[in-house]
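So the structure is just underneath, and the comments pick up after that.
The letters A, B, C and D name the chains in turn, as written, and every chain counts its residues from 1.
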Amino acid sequence: MVAGCCDGTNTMTLLADLLSSIFDRRYRTFLPGSSDNRPMEELTAALLGASGEVSGSTIARIILDRYETAEEDEKLSFFNHLAEDMAVSPQDLRAALETYEKGQTKTSYETLVRAAEPRRQELIRRLNQVPDATRSLVAMRADLLRFSKEDDALQALNVDFGHLFASWFNRGFLVLRPINWESPANILEKIIEYEAVHAIDSWDDLRRRLQPADRRCFAFFHPTMPDEPLIFVEVALTKGVPSSVQGLLSEEREHIEAEDANTAVFYSISNCQKGLAGISFGNSLIKQVAADLSLELPSLKTFVTLSPIPGFLNWIEKNDLGPLPDDPKQLKALAAHYLIAAKRRNGLPLDPVARFHLGNGAQVYQVHADADLSEKGQQQSAGVMVNYLYNLSKVSQNHERFATSHEIAASSDIKSLSAAAEKALNRSPTDGQPAL
Amino acid sequence: MVAGCCDGTNTMTLLADLLSSIFDRRYRTFLPGSSDNRPMEELTAALLGASGEVSGSTIARIILDRYETAEEDEKLSFFNHLAEDMAVSPQDLRAALETYEKGQTKTSYETLVRAAEPRRQELIRRLNQVPDATRSLVAMRADLLRFSKEDDALQALNVDFGHLFASWFNRGFLVLRPINWESPANILEKIIEYEAVHAIDSWDDLRRRLQPADRRCFAFFHPTMPDEPLIFVEVALTKGVPSSVQGLLSEEREHIEAEDANTAVFYSISNCQKGLAGISFGNSLIKQVAADLSLELPSLKTFVTLSPIPGFLNWIEKNDLGPLPDDPKQLKALAAHYLIAAKRRNGLPLDPVARFHLGNGAQVYQVHADADLSEKGQQQSAGVMVNYLYNLSKVSQNHERFATSHEIAASSDIKSLSAAAEKALNRSPTDGQPAL
Amino acid sequence: MVAGCCDGTNTMTLLADLLSSIFDRRYRTFLPGSSDNRPMEELTAALLGASGEVSGSTIARIILDRYETAEEDEKLSFFNHLAEDMAVSPQDLRAALETYEKGQTKTSYETLVRAAEPRRQELIRRLNQVPDATRSLVAMRADLLRFSKEDDALQALNVDFGHLFASWFNRGFLVLRPINWESPANILEKIIEYEAVHAIDSWDDLRRRLQPADRRCFAFFHPTMPDEPLIFVEVALTKGVPSSVQGLLSEEREHIEAEDANTAVFYSISNCQKGLAGISFGNSLIKQVAADLSLELPSLKTFVTLSPIPGFLNWIEKNDLGPLPDDPKQLKALAAHYLIAAKRRNGLPLDPVARFHLGNGAQVYQVHADADLSEKGQQQSAGVMVNYLYNLSKVSQNHERFATSHEIAASSDIKSLSAAAEKALNRSPTDGQPAL
Amino acid sequence: MVAGCCDGTNTMTLLADLLSSIFDRRYRTFLPGSSDNRPMEELTAALLGASGEVSGSTIARIILDRYETAEEDEKLSFFNHLAEDMAVSPQDLRAALETYEKGQTKTSYETLVRAAEPRRQELIRRLNQVPDATRSLVAMRADLLRFSKEDDALQALNVDFGHLFASWFNRGFLVLRPINWESPANILEKIIEYEAVHAIDSWDDLRRRLQPADRRCFAFFHPTMPDEPLIFVEVALTKGVPSSVQGLLSEEREHIEAEDANTAVFYSISNCQKGLAGISFGNSLIKQVAADLSLELPSLKTFVTLSPIPGFLNWIEKNDLGPLPDDPKQLKALAAHYLIAAKRRNGLPLDPVARFHLGNGAQVYQVHADADLSEKGQQQSAGVMVNYLYNLSKVSQNHERFATSHEIAASSDIKSLSAAAEKALNRSPTDGQPAL
């Protein structure tokens, strides 16, 4: 019987623990490098040079260690070194391209490929050969993003980091894992830290989101960073689509058995790693979790989010749409209209959360007033929230239409509400009264 | 490289999680028993009877489930049933004994063994065949201990539980595991709950005891109760023997590398399971942990406790030894004297913690004033604490002498302090002044 | 994705491997005992005595090591020591019983319990405290079974071993695990070694029984003996009930998808540990596997064995039932009759395999001629085999009737065949011709 | 205690097994794609197009499944599609380069990077998002290598595969694991299959290389291919440097305890995955294993190979160096000379195994006659073998010198032997007699 069985989980912890000190000692023994005082430029050259092939791990460890303890200006100087000394050479690339155009052979192609790839990419790959290097490189890019805002060369360097990371953090290498009250504390404290939508204010609060039978949480991990969630989603299993987050998170709410739920609510999605900005896993996560849950709990029929509308009030203000209506119905209509009609110049929805879910193939499904009573919820959307619906059989088609013609999938309810709001807005300006 | 490897720990959690709902469903399917309304007496008879051999797991599950939701009086009635209806029959035993004395054959011995074992032991073994039953049975005995205080028959029942548990929780079946900040939260919350010596007041406090490189914690587990520590010990790795617990636990204390420590301090040992009272694992735990640590960290030379002296002030008061001396040295002398000279009628030390460690083969090593500033520490021992020394090469000999002739191992310091206290006590009564 | 995930299996192997040498070294360091030359009698006394509580693991290791390298006569002498010097004392037990009858208190009961348990039981429990001791003790009992055949005192000792093992190997502590082509080679070689019904003649043969999608194997393990299967069952997933084992095991047989099977055939069950003789897990194993499989593969509707009839020809010969009929139908009728009508004096079926499955609540379902063409199959049953049916909803009732009134469950086919055979047998003697 | 502990290894296997069918079913449910009959060109376009972002895993699965069951000509046609329709466009790259040269901004750099990367690279990344895709892609490249020998466009495609694989199979993502007799049978059968140096002829032969305390084997794995070793090395722990492989592998050889060995002999290194040709992990493997072993067994002082000399006789023949000398000493001298003096035009050693180990920083240490009596050993090197020495403290320096100036590290013994051979060769031609 598995339930009464021998619990490899903690055996692993035991072994890992016993081993950690062993490995610490090993690396101290085999890495005499801390006394290597060569400047960074020489170390990177060594790592890329002949001896780097064999003594690479020693040099890589020294570079990463030195970077980690560096001051801000030293870090910047390191990035500038990569950005300037290890960039693509347009001359070389032009020459390689000309040769290639003359004769497309394996050799001319290899030369082209090599000329098109800046040497810093190989440097980063070689840095990645020591234990825990991937984590350090992700942290390094988080630093770089701070420095690169105004700097073309650093932005180009950032493009290279992003290119490598997109390859390393390819969906095929990510591992989906449930996060629950049996998860290791060092991972759970990161969930507390990284939660970006509805803050977790204590371990008790965390337990309320993980332990009950009608709560789930899932995260993507990378094999080389087993303690670092990359992105996670919190899920509530409910009867019917919920209309407020305070209802969902209330300490006094009624718990149900997972088997009795018909709806899975994705009420919070948080990216965890600044250094992985732009490497998106969000849409895979939601679809994977929806697929897993529908397998485990066949009674689940509806997969929705309960999402904030961060740009709502800002849009009202910028467009001078007058004081907010008191009538919840009018407020909802306005929100529905904002979600499906307010667009950026490029034709995409104004609201960033809407862009994310519509881009994933979801549909704008329902809006609710008084759905988020927190200060943040009041300030950004007057407490209105929205459900995006993930209908697994329509996700591809919705996505396709959205991607090719910016067509927004919406329920008939939402469309009616939006139409009502539009009508009201069109006749309102005349009398200075709130239109809705 | 292991360090960068794939983290079976959480994979296990993932799988366990996915499976739990499957197994829940299976048992619902295969255990139609919840609608079985037979009285407990019939169910226990059925479990012991013919059909119990084959449909045992169904009946066992029903009995355990019904017990768990029972009221106090129903539980008592269940225990009385076991105590009275399933006891040893003196007549049967006498008859079996007579037959055995006449001819010691396999058959007569089997009959004797069967007659000497009350049927409730077989009942308990058959109850134990369903998942998680061991945990339920341990909880059952915790209840029984409450009921049995004044009741001979229930105490006899308790003897049988204890006898079975001693066999099931035999040292050979226990698993030693480190508890650390990577341990599952559901285990860590039990550490917080069960800590009986120096209360853990928050998750941050817990982290301070688990995460630093110079802190360790180990627990014994049983394979069938992988989430339930049976007993655990908290260890501080230090330079030199510490003289106060507030120094050890201070948030501002200086951290050291594990490799730089020469001393391991067992500063807290807590039993976790009331239902396992009397099944002792404490001495194995300390010796095992000492052995493991000395293997991992060869620089560790000294293994000591930093222990409370719970009976000290009580002893002073009962023996009317006058007001406490202000002089820390005199206070320490009095404590040393209490530890090695104050005896119960049976010749064993009066202090329960002293009995435990001396019984394990430790030596009374040092006493410290102002070592425990907590309210509890002040009340029970005026803040004095004691180090018991575990010298692995002398533990057997110390234990042997203590067990056979109640001889107490003590350092020469402790002996001198005790002698000074004795001298002072002998001359003090004349003038009513504090002797020390 | 779990499928592509990080494979804790082998990580565990890695860690276990790295650690094994560490632990070997530890025990060498902490166990100076190999130079302890005291006679066994002194060592057992020491283990049971005062110092045994603390230095127990050292003494236990010495005793077990010395036993393992002992000659046959030394082993016998060790068993005689346990049998004679550590038996129950009838006088002590009588005295304790008298005290208990005068007043049933906790103390008098404890004294009784202690007097009723021979000291060798506590000795065996204390031996069990070192790593791998359980395996050694199981091997020890396998030796004992060889020695004890004619010796009452050793048989009584064997009763005590059996009593302890029944408690330690309680169903609740066993773990069911699938055995497949991903299992460790050191476990697989034991499957080859222990297969007792249809010998496995090579690793290729083993692979044919484990790797195909329509083949399964499951074993019970004990947590302290993770590399030692206790009992295992081999299963074929088929369409319809199979009528011959050579069809099942043929290299050329047609493979099917597991999901397409409607029948699970338990075609081989083997006990692995001689030292656990008499501790039965077989009925739990079949029921558990049937339950697990029906959960995993809902299309499975029929659970049957394909079993040998080891006593068939022997019974014909002993009862002088004449030459075997050539007609397969007549042969099957005779076999059906043997299975349900041939009884021991105590009313139980003559055939040992029938006793096992009928005792588990199975039904005699079908018999097949030419079902086992192996030499062994021809010799013991002229190639006839039988299917026992495990109908999960009738197993309890069948078992109950069998246990209380020796009533044998059989299909109407079997009953008809048996009736035909009976009729034929009754009229046959007259003419000396074969009746069937 | 670990030894008596609960063996996560097999628990994992259990869970994995139970889950496999679940996942099979899931993917069948969520992947209705098998009925998708669009031509490959449309599928690849779809995967790269808008909908590929969301329904990617479905399309990827269809493409990979269809490829796996394709005929040779369909595979070739698929590769040609990637090679021709998804290559770099020189025009686009030229345009992007010109823009970039005019202004090096983030945007112009991104455009350049995109233009320099053929679209098939993104296609391969998107194919990699489904479970087990990495394994399929590695197998795909093994096919490609067969097709591409004479075809420039396919060779360019192969360059792209290689480029991606070098990133994915970066040393930092590989996991080193011991292979032993506790390893899963499905991995062990691959060791038998892939062994390329000294063939393993049976499971018994395999056991002789894995189970004894003085034998080790280690392999690199990738987290997404946990059952597929990438490269493995077999190690013998010996007293002294061995002089023949038949001595090492003899069934009758004397076994020693690992702790008594002073030498680790890498006697066989085999690459396993044709599809990973050119992605080298060999030097990391040897160094890592040497480091691990020296940590585990501090008594190990010498790390050597026992290697074949595959090009020796061929060199003698090509250079017309006359009949082989009968004198073993002369034969060894000739081999030493071949190893350190016979060069390719580019100045690197002629012998491929020598290139590998010298490139890793090893030293030519000893040569032995009659060291490989197998047919293969006789044919390629007249039975002579060589030890390359891995002196961890000199490996970097040796490598550096070899890489920059082709300087070959050799022991003084080897240098003397080579000098003797050279001398002999120089005077030999005159009389037509063998020089050595």
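Please note the rule applied: a contact is a pair of C-beta atoms (placed from the backbone, for glycine too) under 8 Å apart; a residue touches a chain by one contact, two chains touch by 3 or more.
Protein identities per chain, from UniProt: A, B, C, D = Malonyl-CoA decarboxylase.
Keep in mind that this is a model prediction, so the values were computed, not measured.
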| item | value |
| --- | --- |
| Shared interface numbering between chain B (Malonyl-CoA decarboxylase) and chain A (Malonyl-CoA decarboxylase) [over half = same, under half = different] | same |
| Centroid comparison with chain C (Malonyl-CoA decarboxylase) (C-alpha atoms), farthest chain | A |
| Centroid distance [mean C-alpha coordinates] between chain B (Malonyl-CoA decarboxylase) and chain A (Malonyl-CoA decarboxylase), Å | 46 |
| Distance between the centres, which are taken as Cα means, of chain C (Malonyl-CoA decarboxylase) and chain A (Malonyl-CoA decarboxylase), whole angstrom | 54 |
| Residues within chain A (Malonyl-CoA decarboxylase) bordering two or more other chains | 1-2, 4-9, 11-12, 14-16, 18-19, 22, 25, 131, 133-134, 172, 175-176, 223-224, 226, 292 |
| Chain D (Malonyl-CoA decarboxylase) contact footprint on chain A (Malonyl-CoA decarboxylase) (complex, rising order) | 2, 5-9, 11-12, 14-15, 22, 25-26, 29-30, 50-51, 53-58, 88, 90, 93-94, 97, 100-101, 104-106, 109-110, 112-113, 116-117, 125, 128-131, 133-134, 152-153, 155-156, 158-160, 163-164, 166-168, 170-173, 223-224, 283-284, 287, 291-292, 295, 359-361, 392, 395-396, 399-400, 403-404 |
| Residue ranges of chain C (Malonyl-CoA decarboxylase) in contact with chain D (Malonyl-CoA decarboxylase) within the complex | 1-14, 16-21, 23, 25, 131-134, 175-178, 180-188, 203, 207, 221, 223-224, 226-227, 258-259, 296-297 |
